[in-house]
Amino acid sequence: MHIDDIRFRIAAARRILYREGCDSNVGGHVSARADDHDDAFWVTGFEYFDQTLPDGACLMGFDLQPRIGELKVSPAVNFHAAIYERRPDVGAIVHLHSHYVSVLSSTGKTVGMYNVSSVLFYDEQATYFDDGKKSHLAVVDALGDKRVVLMKNHGAIVASESLEQATIEALTLEQCARYHLECEAAGGTEILHDEVVAGKAMYRKHFLPNMWEANFERLRRSDPDLFDALG
Amino acid sequence: MHIDDIRFRIAAARRILYREGCDSNVGGHVSARADDHDDAFWVTGFEYFDQTLPDGACLMGFDLQPRIGELKVSPAVNFHAAIYERRPDVGAIVHLHSHYVSVLSSTGKTVGMYNVSSVLFYDEQATYFDDGKKSHLAVVDALGDKRVVLMKNHGAIVASESLEQATIEALTLEQCARYHLECEAAGGTEILHDEVVAGKAMYRKHFLPNMWEANFERLRRSDPDLFDALG
Amino acid sequence: MHIDDIRFRIAAARRILYREGCDSNVGGHVSARADDHDDAFWVTGFEYFDQTLPDGACLMGFDLQPRIGELKVSPAVNFHAAIYERRPDVGAIVHLHSHYVSVLSSTGKTVGMYNVSSVLFYDEQATYFDDGKKSHLAVVDALGDKRVVLMKNHGAIVASESLEQATIEALTLEQCARYHLECEAAGGTEILHDEVVAGKAMYRKHFLPNMWEANFERLRRSDPDLFDALG
Amino acid sequence: MHIDDIRFRIAAARRILYREGCDSNVGGHVSARADDHDDAFWVTGFEYFDQTLPDGACLMGFDLQPRIGELKVSPAVNFHAAIYERRPDVGAIVHLHSHYVSVLSSTGKTVGMYNVSSVLFYDEQATYFDDGKKSHLAVVDALGDKRVVLMKNHGAIVASESLEQATIEALTLEQCARYHLECEAAGGTEILHDEVVAGKAMYRKHFLPNMWEANFERLRRSDPDLFDALG
């Protein structure tokens, strides 16, 4: 298997999320739109982020029927299909139950501008809560045209251009949720508006690509079994 | 020894609890009703969860006399016998002193519905406190027909159908106790009632079996010495 | 070197403290009264707890002159000599700067009875603060005939019968300081008085010896370089 | 390469910072004034602290042109050049985004005297905030003749005599920021003024050199790949 294979990259993304403290029990998902199909995406099943191997990824149609591979998928993957259908700009989706995102979600707030890296999420967040009555796909409406939706008492969905970007945004969201909670508890205040806007452009340019590369390198040492899968 | 041997599974359960942050000093116990005896259960002695090997488990009668193996057991194992006698539906018991459960227990509250996984414990919890006068077996009365009893300033007992289920419920209880404490501190609110009920059925079906399997796999890498014991 | 050599046991005690989260930068000390001298004790110099090897221990007279070995000792070891002189019941001393003990010390409080293991310290604690004027040996007066003195904004000294006991008491003190801080923040309350008294006898009997043994076993896997020193 | 080579020492400093919990994503920098140039310093590019190898360091002029080596540097290295130009007493600079420093920075406060090690920073700290309008070099004015500047919602810069000292000061600053936050939350109070002054002299003499040595030793076990680079 080539190192650029989408199945390898999905497994790497899941391992990176785990290494960066985004453990999500068996309920987190990482998916990517299939390059050579109009109506399908690659996704993995119930397992811990740190256990994923490339052949754990399955190609699934927007009709939720598996096309390549077979796996026990969460009934919750239906929102991936719905987002890819509705949002042509989205190339990859991360759904995570990471700790601080889940804590912050219980307040109904979005991630505040408490840290230089938080500016990545300025004007990019929506919120959602489940009342046990509405369709679970209502979260797709809640996301709208944003990059992030925080799901109350649950976690978040990050929908972004590429797998690399969605992964780094997801782990940064977790860090920024922690900053929000701890800065607020300490009586901290947010970044001034002009600096948020200036910083966002700067961070998007320098931070995202360098973070993927650095995390990928870190994986070579922490997860040799993943690289063994390349043959 | 076969991988399905109850002694191996008890050792695996203890190691899983340790890996998932449920360290309980030398005072945690994991036991399982003996399949082929009417009045006995398997249990381990004073040691850290991460050190247990299969031959550390001992078969003990409900009269607290050892039948197979010998070990220094905590005087507190008496409540295991009492629960197995009174509750024919209980196949395994986990007693743990894990950190966040112990902190939450000091408030006298039960675990609130602050996270999707918390719904597993909806209508399944009781509380108990020790006053230095009543019998230590009074905790069995306090448990009643529930699945969980939170012991004030101490920890919890989880009594469930199977060893696998009791283990995953115990480690999830610890995660949910942490969510309770941190969500409450952040001003978070609980899940709406209808979603609690709908989510509980869903979580019980998908979460428990997949979590045991994923944790068991994780153990293969973290605890090779345990698997060496299979010979 | 024999496994019962006091120098080996001091190194093991320091490694156990590190493994149990009592990292104290280079300022923590572990000492033990010399069995075969009336006026000397074994102590180690400036280094991290996890780095100590048996030959890092030095025999030092109550006059603070080295008798066997040589090392850069902290000027603060003078209180060890003073405690051994004044307290014939004390066989070993641990001074630590562990995190939660240091945080709690800033409040001027002693460790409250928030957890079953906290009862070990009931009626065993004193407090001390430094004003930059009084002699540093004033901490020995503050300790008096207690087992523990919490030093404000600094850490604690544990003076106990044996090295094994002082070590387990020190690491348990750290756990109980954390329980105090987090239970208090969560609105928790302490254990009722009668249970404190009943629990203390029980815990002292079962907890201390089993904890030393379990921690020592854990060290065999985590610190093979220490055991290599036995030759 | 010799173990005293500045490039090796910069890599070691970065690894020490990582080991001591000062992970700063890809945005932290460590630099040292070049001994044999009047107008240049050694610095590393975008990467995690734990990944740095000696040949990742580049010699850069105060004009921000690379002289030896080439690397993708953060646009933020410009403040290193400005500090070396303005402050002949400064031999090394650490810029870090460590967690507790970043949280505390959001309050606009400096690190309070909550712990014995905090006294190192008494009368040594300034604060800075970015408004999105002023030049990023304004942080150099804010630093003035101090050793530390806390950057609001961002992190800190430590400018000190030597690389060894800047490194230990940076990791101690992180520990003391955590003490500040947790002691304040627990209702703790600061060290009395006379003890701050007396303790500062004592700590500067004993703590700094022993901490570098102890951390460097710890690196031998945790980072063998770094030492492989010595050939």
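Per-chain numbering from 1; labels A, B, C and D assigned in written order.
We adopt the following convention: contacts are C-beta pairs under 8 Å (C-beta built on N, C-alpha and C of every residue); 3 or more make two chains touch, one makes a residue touch a chain.
What you see is a predicted model; the values in this text were computed from it and never measured.
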item: Fewest touching-chain hops separating chain B from chain C; value: 1
item: Of all other chains, the one whose Cα centre sits farthest from chain D; value: B
item: Interface numbering overlap (same over half, different under half) for chain A and chain D; value: different
item: Rotational angle, Cα trace of chain A fitted to chain C, multiple of 5°; value: 180
item: Centre distance in Å when chain A and chain C are each reduced to the mean of their C-alpha atoms; value: 45
item: Averaged-CA centre spacing for the pair chain B and chain A, given as whole angstrom; value: 32
item: Residues of chain D touching at least two other chains; value: 185
item: Overall pattern in which the protein chains touch one another (line/ring/star/complete/other); value: ring
item: Interchain pairs in contact, sorted by label; value: A-B, A-D, B-C, C-D
item: Complex contact set, residues of chain C against chain B; value: 113-118, 175, 178-179, 182-183, 185-199, 202, 206-207, 210-211, 214, 217-218
item: Chain C partner contacts - residues on chain B that touch it in the complex; value: 25-27, 46-48, 50-51, 72, 74-75, 97, 99, 102-108, 129-133, 152-155, 181, 184-185
